[in-house]
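Two complexes are shown next, each including chain A; its partner changes from chain B in the first to chain C in the second.
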Partner chain A sequence: MRAENYQAINHPPSHAFELNFGPNHPGIEGNYALQVKVEGDTVVQAHADGGYLHRGFEKLMEQRLWIQNIALVPRICVPDPSPMEVCYSMAVEQIADIEVPERAQWVRVLQLELSRIAAHLFTFGGHAATTGMYSPMFWGVADRDLILDLFEEFTGGRVYSIYNLPGGVRRELPEGFLQRVSKMMDYIESRLQDYDDLFFANRVFVRRAKGVGVLQQAEALEMGVTGPNLRATGLPFDVRRDDPYLVYEQLDFEVPVEEAGDAWARTLVRRAELVESLKIVRQVVKALPDIGGALRSEIPNPLAWNVPAGESYARVESSKGELGYYVVSDGGEKPWRVHVRGPSSMHAVQVLESLVTGGRIEDVAQTMFSLDACPPEVDR
Partner chain B sequence: MVKYDDEGSLLRPLRALSFLTKPAITEPLVPRPAAEGYRGFHLNEHQRCVGCSSCQKICDNAAITMIEVSELANDKLNGIRNLRPAIDYGRCCWCALCVDICPTGSLSLSKEYVHTCTQEDIDSYFMMPGEVGMHGTFVGKGWQKSETSDLLDLQRKPMGERPAAQRIDSFDEIVNGFSAQQAEAEASRCVQCGMCHDACPTGMDAPEYIRSIFEGELEQAVRWIYQTNPFSHVCGRVCTHRCEDACSIGVRGTPLAIRWLKRYAMDHVSHQRVLQITQEQKPSHLSARKIAVVGAGPAGLTAAWDLSRMGHQVVVFEARKNPGGMPRYGIPEYRLPYEMLDRDIEVITAMGVEIRCGVEIGSEITVDQLHQEYDAVVLAIGLHLGRSTRIPGSDHEHVKKAVDLLRQVTDEGSIEVPQEVVVIGGGNVAMDIARTVARMQKQQWGEVRTVVTALEDQENFLADPEEVREAAEEGVLICPSRGPQACVIENGQLQSLKTWGVCSIFDESGRFAPHFDENDEQCHAAGMVIEAIGQMADSEILLGDEITERLEWNRGRLQIDENCRTSESWLWAAGDCVNGPDVVHAVADGHRVASSIDEVLKHA
Partner chain C sequence: MSLDGFTPWLQALTQRIEGLVISGSDLEKRRTRIDLPADHLSSLLEAAKGEFGFVHLSAISCVDWIDVGEFELVYHLWSYEQNQLLSIHIRVPREPGRYQSVVDLYRPAGFFERDIHEMYGLYFEGALDMEKFILTEWNGPPPMRKEFDSEAFVEETFSWQEYNPQWLQEIVAAGGGVVTPPSQQRFSQRKGIEAPWGAEARRPLSDENTEDQR
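Take a look at the complex of A and B:
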């Protein structure tokens, strides 16, 4: 090197250095990054660096017809897309004062709970991988795929259902579908023992997860954290129970709670929720054959549908927490404004930064997965 | 109960070793068959698709482009374009909204979901779906339209009309017209495909005014309507609505009531406001050219309206007492109140058109004189002579022509009718006169005894089905497949019309050559027989011998070029007298003539 090109590098002290964790990293969910400063194995500072998945959904929605957005919203959260379309539809239904037929409400619950099961299986698989356990990861992903097979039959699409419209759902269930759902629930239930053996009750995992990424209830509330992450701090808040929508009021299910607030508690809440979702799906399978009627209320021609001026906020309990759609109509054929309250935005930025700080480098990935952070839903 | 804590046995995970004894699952290389109702690559039945591009409009990702397929039919009158959707699979998200909105039901998604290619064939992701699928091997339909999945409203909003028992007592209008709510709901069914625009002889901006009506912008709708049609009230009521025959919603459902929507817009903007709106089209410069129009019907007045919008000075000569032509003298008031026609004409005169009524060309002033005084002359004289069947007895004084009687009703308000009347003919004019006579009979005799005999059978009736239905409701007896043979006259008195059953109307080569069954004879008692089998123009007297000889003729009609110009460079002809009876065609002719004249005068 010639002398004029030489620039002295101002090295940090040898015991502290910066680590770029992501955006492409096996320990990161989706495309997301954490700039982590470590001293030895200890994280002393973390900076969440999002935006890689920012596609401008909220703005895009202002440029699309009310119905076209149904095809857009599932993309906001890939692992758990169904709540997106249901929640958006609910918000539009509120403004346009559309009543959803009872049968469609039950079908929506079926869709939401199957989606929750698939999402929790996916997360537990991912979480297992971050602790070096690869068999549960394959199991989680493979069993989720079986739920996707159901979705393929049910909605025509494996991942993005695009099955709802304001006013109801688009198709009748295929013949014999409920029996197949029932069999699948039996299968997933039979697998719980295997999951426990290899993961949830595995001493190795428990020791890895206990005491990691502890979130206090006060902090959780302050930061707007909801869903399993909040319930793992001892607060039994669940939109399905506390602000019931669809037919959740008629369903029998528990809201599982843990006290510890750490990665372990969060995982156990999800494990318990799997069981509750199975319970709900079974109730729907039992009830649905006796609930007749239409699957959707009539809505105008989508090419000429001016939703009356007004605003609404609809919320559902997604696998990650409270998902909300704030929709404003100025009486036109497109939304004037849509804001999505992605539950992950509350726990995948500042909360994640604060939880990994002070922890160990090998727990960064685990902390992120235990929070079930969904970057596309943070960035939108 | 499992205990989730760190005191569990370290051996517990080893239970998973039992999976080693289970057979491994191997997925075959061929793609697994997709579920029924799967959303795979598109399929499109090209013979069912009409190219309306609704799929393109609903597409969230702009993945659909409409591409011309020259081998396919491009039939504007029947609402078929030779455009078919092509899909960019780099954009498509398989939401299937295109399938659910497709007005014809030709689009569906298949169960096919695998496509790979090399960089060289990267364009293969952009393809036009046909019936067999992306790779020429049909693997089955996936997501397709079901009864409940349609995103379109296929049923027309019903329009109220007065019951037959009420309407037979007067000439008041039959249909009530849409309410605001009905009109907006009806307008909302439109997919803005523009088939109506293409099929309309005068190219009305129907998608635009339907949209304006949907948005409640009625004045804007009126503005759109007057872009192409000064006979908006008339066409809102009695147009032959080719637009509705072409409407893509009509492929599986009932087409939009485009005519009634136009009427709704016209009826709900005050006449004063309509006058103001149309004045926006007043020309900024005058040309100092003078044009004479003979005949104040839709063709003549449209030409006059256009020419005066272009800045020319126009004088319209009308032989009758009032302007309006066939809409006034041929269409009964229960279909078209004259007040509405008057409004249309007022809009036209407000543009600066001068109408001189009661001036008969040929006697008071000759066409030659017009030629001397004006830069151009337009003949729009309509078809005011009724044709005769020429059957024995048809020269009896009580055998009348429908057009003559309808004209008399307009002029005198009423005619005397006998207790029994038989009408010959199955077209709309036959229905008009039958229903007019029925009303007169109700007034004069207290009961309706009018019979319509037509050559055509019930299915092939020439008149609009609703005309036939309404006539029957009003007590008119419709006798299809009856061929008139003679008017039976005894002692100078008309007794009846003798008809034979019709075996066929056309011969093998499609020529008119009715064939009758002589054994199937009926006599329909008649104090009056009315012939409504067609009209012809009364041009020869009007033109004078010299010009008649100079002009070129085609089977009794004036020979014109595509711009409606005759073989005389200063003379144009338009409307029914050259194109046969139809209001909206006459309007279209009027526009054509006007632009042709303007073009010629500009370069003169």
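Take a look at the complex of A and C:
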């Protein structure tokens, strides 16, 4: 809300007072506001206020060519942009009935899993910072940066890859890239012990995170929560395994679960998932040299491409949960409608409001980060 | 319609709900599309959620079909038991733009209905909260409607500013700073609109100039 639009409310006399978290707050991955009402240290009411990162992507996408939107969609989620472009490409491929070459599918898996590792490292860092521990924050951001270096070499862009297009991926991997990926995975794995000592098994963190923001499985299902937040309540659901896309059916990985459903359990699920992602990347590194063939299939001239009329709902597992793209074509050279189902739009609004309420004021930022809420996905 | 080859839940739904049309089903790819008259949505949702395990509402998508004066609402349901995605398509007239909320069955609908109301102006009766969420300070028409032309809105609402500072004049005088007017850009959204800030007037685009720059 702009300052000139603020209207003071005359509250009846009480011990409660209002506190604004955000729109600029270090405990939030982006601009998002949470207006909480506190009595003493206890939050009695919370109201999520979004829209600070609304850039009208869905409207913009209706005004741009099918191929131009590839450059637009990664911006919908800054910490984990790769699933966006893969999911959009998958939706367009389903409408136009384009077969993606096998090699391209493996390369996409490599891109998605590297992005997931980077996003989880970023979340660990942010979560640590909200509990007052700043070293893991620097570590998380620094280690994520090493993966961004890989992305720079791999796709040309550190954050926004713009590497996919309907029908495949843009270019071949650089010389010796898989060895460097392999080395980096070894490095990240060797760092996990340090992370355990300083963060995951740290008594300060465990005491702060245990029992905070508890989400029961029934409530999570009712609220439409997906991803690590759902798995932290004990339900082993993963789109990669249960609604498989690309070549995930051929890969060997576990779906880690925890039972407690609190901030601690959610962090442990993400840590276990990072290990699984390392496993997947190693499998891709091993398999990719033997998989030949093209990197993309033929598509019509993308600058004058009338995608046949139709609709499709593509979904992938992003680091935050189930990401869906509902794309409608009327046979024109621009999409008729693109609807983005950001995973955070579930857990960053209704769930966050209910989890924060009744908790303590110092746990608000931690709850938000432990849910891994990504505001740009909500605002789009 | 032959029901052979459909799973029991799909057969049961088809028999029970009036007017239900299965317009596409690929159980291998875990996708089923159902078209339905708008009146029967709640009975279908009750059966799907209560008996066949479609507990997860993945999304509600709204599509504006302005030519026929209808909104298409698509309810994407997922069943953790069947591992199937069910997309239910219904059509609602654009005018008067009211429909029933399903938030009592699916809590996530609260977010999506609020979003659709904000972006398309379709009101859901019985919804939790129809207040603005994203466009809090927006007073214009619902922007995702097809008749809302964002470029025309910008043209009407904002004025172009003359921007010609000293440093730019120096660059132009030295032979740099060629601006391709929007009317000549290949994929411009503003194709055919003359540049209002006087780019052409400042430095006419002749063939030799552009060749030099390239």
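We take it that the second predicted complex is superposed on the first by the 366 of 380 C-alpha atoms of A that agree within 3 Å, B and C clash if a C-alpha of one lies under 4 Å from a C-alpha of the other, contacts with A are read in each partner's own complex, and residues count from 1 in each chain.
One rule holds in what follows: a contact is a pair of C-beta atoms (placed from the backbone, for glycine too) under 8 Å apart; a residue touches a chain by one contact, two chains touch by 3 or more.
These numbers come from a predicted model, not from an experiment.
Asker: On the A-aligned overlay, A:194 touches which partner chain: chain B = first, chain C = second, or both, or neither?
Answerer: A:194 sits against chain B, while chain C stays out of touch.
Asker: For A:337 in the superposed arrangement: first (chain B), second (chain C), both or neither?
Answerer: second
Asker: Who does A:160 touch here: chain B (first), chain C (second), both, or neither?
Answerer: In the superposition, A:160 contacts chain B only.
Asker: Does the superposition put A:247 against chain B (first), chain C (second), both, or neither?
Answerer: neither
Asker: After superposition on the shared chain, which partner residues are touched by A:54: those of chain B (first), chain C (second), both, or neither?
Answerer: second
Asker: So, A:328: does it touch chain B (first), chain C (second), both, or neither?
Answerer: In the superposed model, A:328 contacts chain C only, not chain B.
Asker: Should A:5 be classified as contacting the first partner (chain B), the second (chain C), both, or neither?
Answerer: After superposing on A, A:5 lies in contact with chain C but is clear of chain B.
Asker: By the touch definition at the top of the document, which applies to A:303: first (chain B), second (chain C), both, or neither?
Answerer: The answer is both, since A:303 touches chain B and chain C.
Asker: What is the shared patch of chain A, the residues that chain B and chain C both contact?
Answerer: In the superposed arrangement, which is not itself an observed complex, chain A uses residues 65, 68, 303 for both chain B and chain C.
Asker: Mind listing the chain C positions that touch chain A in their complex?
Answerer: Counting only chain C, the residues touching chain A are 30-31, 55-59, 61-64, 74, 76, 78, 80, 83, 85, 87, 106-108, 110-111, 115, 119, 133-137, 143-144, 150-151, 187, 189.
Asker: Would you tell me which residues of chain A are touching chain C in their complex?
Answerer: It is residues 1-2, 5, 49-51, 54, 56, 58-59, 63, 65, 68, 221-224, 226, 235, 237, 242-243, 303, 311, 313, 315, 322, 324, 326, 328, 336-337, 339, 341, 345-346, 349-350, 378-379 of chain A that touch chain C.
Asker: Taking the complex as given, what residues does chain A use to touch chain B?
Answerer: 64-65, 67-72, 135, 149, 152-153, 156-157, 160, 162, 170-172, 174, 194, 196-198, 200-204, 206-207, 210, 264, 268, 271, 294-296, 298, 300-306
Asker: Applying the document's contact rule, which stretches of chain B touch chain A when the two form their complex?
Answerer: So the residues of chain B in touch with chain A come to 2-10, 12-13, 15-16, 34-39, 54, 57-58, 60-61, 93-97, 100-101, 109, 142-143, 146, 148-149, 151-153, 187-192, 211, 214-215.
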